[in-house]
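Chain lettering (A, B, C, D, E and F) follows the sequence in which the chains are written, and residue indices restart at 1 in each chain.
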Amino acid sequence: MRLDERLNNELRKVEIISGFVKHPEGSVLVSFGDTKVICSASVEDRVPPFMRNQGKGWITAEYSMLPRATEQRTIRESSKGKVTGRTMEIQRLIGRALRSVVNLDALGERTIWVDCDVIQADGGTRTASISGAYVAVGLAVQKLLADEKIAESPLLGQLAAVSVGVSAEGEALLDLNYQEDSTASVDMNVVMTSAGELVEVQGTGEEATFTRAQMNDMLDLAEKGIKEIFTIQSDVLNAASEARKEQMSDV
Amino acid sequence: MRLDERLNNELRKVEIISGFVKHPEGSVLVSFGDTKVICSASVEDRVPPFMRNQGKGWITAEYSMLPRATEQRTIRESSKGKVTGRTMEIQRLIGRALRSVVNLDALGERTIWVDCDVIQADGGTRTASISGAYVAVGLAVQKLLADEKIAESPLLGQLAAVSVGVSAEGEALLDLNYQEDSTASVDMNVVMTSAGELVEVQGTGEEATFTRAQMNDMLDLAEKGIKEIFTIQSDVLNAASEARKEQMSDV
Amino acid sequence: MRLDERLNNELRKVEIISGFVKHPEGSVLVSFGDTKVICSASVEDRVPPFMRNQGKGWITAEYSMLPRATEQRTIRESSKGKVTGRTMEIQRLIGRALRSVVNLDALGERTIWVDCDVIQADGGTRTASISGAYVAVGLAVQKLLADEKIAESPLLGQLAAVSVGVSAEGEALLDLNYQEDSTASVDMNVVMTSAGELVEVQGTGEEATFTRAQMNDMLDLAEKGIKEIFTIQSDVLNAASEARKEQMSDV
Amino acid sequence: MRLDERLNNELRKVEIISGFVKHPEGSVLVSFGDTKVICSASVEDRVPPFMRNQGKGWITAEYSMLPRATEQRTIRESSKGKVTGRTMEIQRLIGRALRSVVNLDALGERTIWVDCDVIQADGGTRTASISGAYVAVGLAVQKLLADEKIAESPLLGQLAAVSVGVSAEGEALLDLNYQEDSTASVDMNVVMTSAGELVEVQGTGEEATFTRAQMNDMLDLAEKGIKEIFTIQSDVLNAASEARKEQMSDV
Amino acid sequence: MRLDERLNNELRKVEIISGFVKHPEGSVLVSFGDTKVICSASVEDRVPPFMRNQGKGWITAEYSMLPRATEQRTIRESSKGKVTGRTMEIQRLIGRALRSVVNLDALGERTIWVDCDVIQADGGTRTASISGAYVAVGLAVQKLLADEKIAESPLLGQLAAVSVGVSAEGEALLDLNYQEDSTASVDMNVVMTSAGELVEVQGTGEEATFTRAQMNDMLDLAEKGIKEIFTIQSDVLNAASEARKEQMSDV
Amino acid sequence: MRLDERLNNELRKVEIISGFVKHPEGSVLVSFGDTKVICSASVEDRVPPFMRNQGKGWITAEYSMLPRATEQRTIRESSKGKVTGRTMEIQRLIGRALRSVVNLDALGERTIWVDCDVIQADGGTRTASISGAYVAVGLAVQKLLADEKIAESPLLGQLAAVSVGVSAEGEALLDLNYQEDSTASVDMNVVMTSAGELVEVQGTGEEATFTRAQMNDMLDLAEKGIKEIFTIQSDVLNAASEARKEQMSDV
């Protein structure tokens, strides 16, 4: 039994609250247990210089943690004057993953800026961010469609992510919290689409190694967890879509 | 009548939710209408180099806005690689104001880091930050006392702040929202203690000027509003103190 | 009696020498006692990007201190690679204050860069800077008029500033020098126009507070001092204008 | 058949020249076809602050490319004033991978700095870097043993890496060159130990996805290629060890 | 005849005013014609880390120009966030030159910070800076001796510098002003000691070349000019020394 | 006799290998004894903003050392986030020197980026860089001519550089290695054209001085050494030219 009494193949409680802040085109508060991230999707009607005049859009992501999202306060990257390697790795991952399920041609010459700001961290912030960011983008796409800025959804499928690992005792675990993550010998982040295909697999044995068999066990767990997240995402997006329709028919 | 149907001397709805995030020693979500700020107080058992070996403590503040706290997305200061002048001004103000109501000697050789992160902005973010930060510090002090790290509270009084201004029509207004702030000819931030004394008065006529009489009207409004905020702060701190006592007697 | 034998309501010796350096369109050396600042106004025939194509001008200010303007040598901001919060606060204040007395439409699509470089510091550098900067801008405006680049002066009134404070003994003081400033419990900077209106009031009780009555006493002193500075400014600007006329009639 | 006439499961010509530069404790020039990297291992007799007084060592890596290692010249990171996200990702990967085969306790309070400088790039620079860096570290360890600074080798096994991918036509390929990499739909970097265990698996479908079956095919190819690299590494390290012994017996 | 009616071997008017600012241990305003530089020497009772515990001192220099010292306003290096290559070259030159005439052992574990701030530029700012800096250091040494912090002067000789060049017409010129400098085909800076020895010779033909004969002509001119500067320096230092003695005998 | 058994007027072994890396338009590995530098010349079909629309070209240089090119590892400038003064001085020198032998009008609106990356340092890296960079540029020019992008060579003559110095014993030495350089009292870098004219002379007595006679001795040695380098450069460029012709006639 795990410390928080979960089974090895059990997710923490996953919640996605839509419309958490008012200004962004799409916004959610996503929680994976005590990990809480504000994800917002901002639509800008132009693309970065290297994408101009190609008739297609762009999606990029930024990731940050509030200084006291963590047990020990961490120094702000703005105070340090630079973004750490860890942050860069994570925001590149989020952006790349989202682009794999978006038809950039159908988006038109627009950028969707995705901001993932961790307000409370307890392990798995990058996978919670990806899972929440997909919904924030989905909400922004609903708004673009409702505003008739685009004719059809550029979304090619659903996207979610989860972390898996191997405990010090050698057991494969789903959705590690911070304490489990610190003691795990292997840590793997898996991003998948609703078509059941892989988008990113990043497995790391920090000062440790792992076998092909362990890798397969972890991928099996990830697949199970991600499917459950897809259901939660769909419920939120459908509810938002219904609410939007009602609101419009009221007008 | 103002756009949001308030009277000229009326605050927006002010709410302070304590314990909003779990790691900091003190944490609140403060709202002044649609302006929402997470304030956290982190206690560190050492002081910055320039304060060492004086047997006294330090309080410092940092302020930031999520990129999409605002109507238009703003670039992260960490991406720009530097903190803007506006941010520096605000965080210096918050830190200075808090220090005016704390007996640094009674704090011992500790630093309280106050982080004010605006998650949604609608005018008055710096005064909401100060008003919330005071409560976050108060909660951290309660914890220091409960943990018997300090023998008596270093707090010398209560602290709150509000913005006041003069509308384009020349009327003094209390607690301006973003729209009022953009069109006001004068903008003043007032910080006061519960002893009725002034801590900071910062009045600015951007491309405009104001008279001594207008200044006095604004100070009167500020005083009225700040007194109402004191009550809300007290209620939150008292409730937290009660809860803590109950929790301890349960043990 | 004050340390330098002044009365509480007495300015230090204020001197403004015009044409101190040869390249700028307007240039002065301003002294408030031992505080000495080179203020220069440089006219550039374009505006920053955010102001373009609006047919109006812009005024912006930069402030710096030579490393050994102070008793202890301070590190250059260029060596540190960043401008400190204090410098940013001051240069934002100077720019904002100057813009309140300039009709930016009458300036045309031009920028006036005001540089305030403190060569010797003894308290009140920001208020000396504003008082000198106004004259530097006035000289640059005379040149723009003489060169027939603008048809009428964009200046809407005169601008000056002074610091006031409350001593440790509770007495309101005008124009504090460094030693008085270090021991004062309250420090206030006041910027006014020749129409007798306020432009900026920034009162700060670092680890102290002040009453409305003290605030009023300080504002009274400030008003007295600023009026005396207006006379000195006028004399310099009139002399320069006369000299320019003579020089032109010689040609 | 591939563009350079290799089979899908065939490595490019891999060469490792030891002692390429004279100052480092260990140094190689590693080539994977036209990709050429200078790897050097520098031993420093102290550890970074966060590792002090634990009686154990540290290994860290830095990665860079000469500006014209690539087809188009790229701007130096020193000129930009910051290290890009891509560089950070790579140098974190190299360091982490090396640490997985080093017993840091046996290294003593020393740091091994590994520098991987790409002088010519044609795809697979990070995996060539890891494979060369292992040999550079091995040479430095030989020197530490010969100088009797350590009593036994801290190396726990051999380490090598290779890139694999899926071509646009859906075929799994081993050791992609630049042209193949640009058109591949999936790119995966695999790091393994001579014990046949995985250290890192980083698979990415940039704007694409991949199946579990494709992932397994790629891992099979990687395993085959890495085994061949282990042989080349061993030959170089053995030759260097022999040469060192001869040189010592001459003395 | 030159534009300002000087002979080819004639210096501009050289003036050195001692005690120009009050805080530094040594301070001058040096003018070479319209080039004006504030040089200050600040004594600090410690040395940089790399010099510690060697019982000897250090001298270092910093150089800067006010933004409007030049005909066109230049951006502050503090705003750019970095020091330009030109500035670095010049401050390294000034420091190196001064160290050649100072016995660092006799200075004790002290640093002399030399700040050269150009307030008006008309060519030859680096050579004016060196010539003025020597006097500022001399004044600081007088103070160290008077305060009995050192027993004997660490100065080994006098130091001065001048620029020479070859005009577009091929004539060697002494002490070029800005206009001459812009059109000269060769520019050379020469630093010498009062013993008649060379400390630095930096000759540059930007997009041009020069012969050994021209080089010799330039060195002859430089030698003549520098001897004249030595006299001016001596007069200032002697006068200051006399004044100091009188002041002390008054006490 | 010198430590490496050279005569005082003897160069180290100078070698220039052309085509060392494959992507640049011109590339060499230049060695002066154990000093080894990769010089590459990259042609870009545009010029920097300040040169635009003048119908002429630009040449600029960058210089860097691998961290372990030196006996002690040095920190990367990209990690420090800034280029050191030494690097700036050197790259400005290389660029200026190259421009003195190139007719920028004949180059057309193109930039030649010269990158000098020191892979092993043993004194004289800047003069080796210049001597190698000239050949890299020569190779790039051959390619521009062969590709018929320019009609005639923009090269006005040959360019080479060498360091000379005065040993602690007072003897003038040619081409100092690192050990000689560290103990020399004077260090001079001389750049000359094949027309026998000087381009740069930079003589520095760090904490020492030198006489006119010593300067002349050093210049004599430099002239002798540079002539020998001219022969080596010519041989390489002629061989490359022949090879190119053969290759073209084969087609």
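The criterion applied here is as follows: contacts are C-beta pairs under 8 Å (C-beta built on N, C-alpha and C of every residue); 3 or more make two chains touch, one makes a residue touch a chain.
Every value quoted in this text rests on a predicted model; they were computed, and no experiment measured them.
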Maximum centroid distance from chain B, chain identifier (CA atoms): F
Where chain A and chain C are represented by their mean Cα positions, the distance between them in whole Å: 51
Centre-of-Cα separation between chain C and chain B, whole angstrom: 31
Per-residue overlap in chain A, given as positions that touch at least 2 other chains: 81-83
Order of the ring members, counted from chain D so that chain F is second: D, F, E, C, B, A
Residues of chain A touching chain D in the complex: 82-85, 88-89, 91-92, 96, 99-100, 104, 188, 193, 195, 197-212, 215, 219
Chain B to chain A touching residues, read off their complex: 21-24, 27, 34, 36, 38, 40, 42, 44, 62, 64, 66-71, 73, 76-83, 87, 113, 115, 117, 119-120
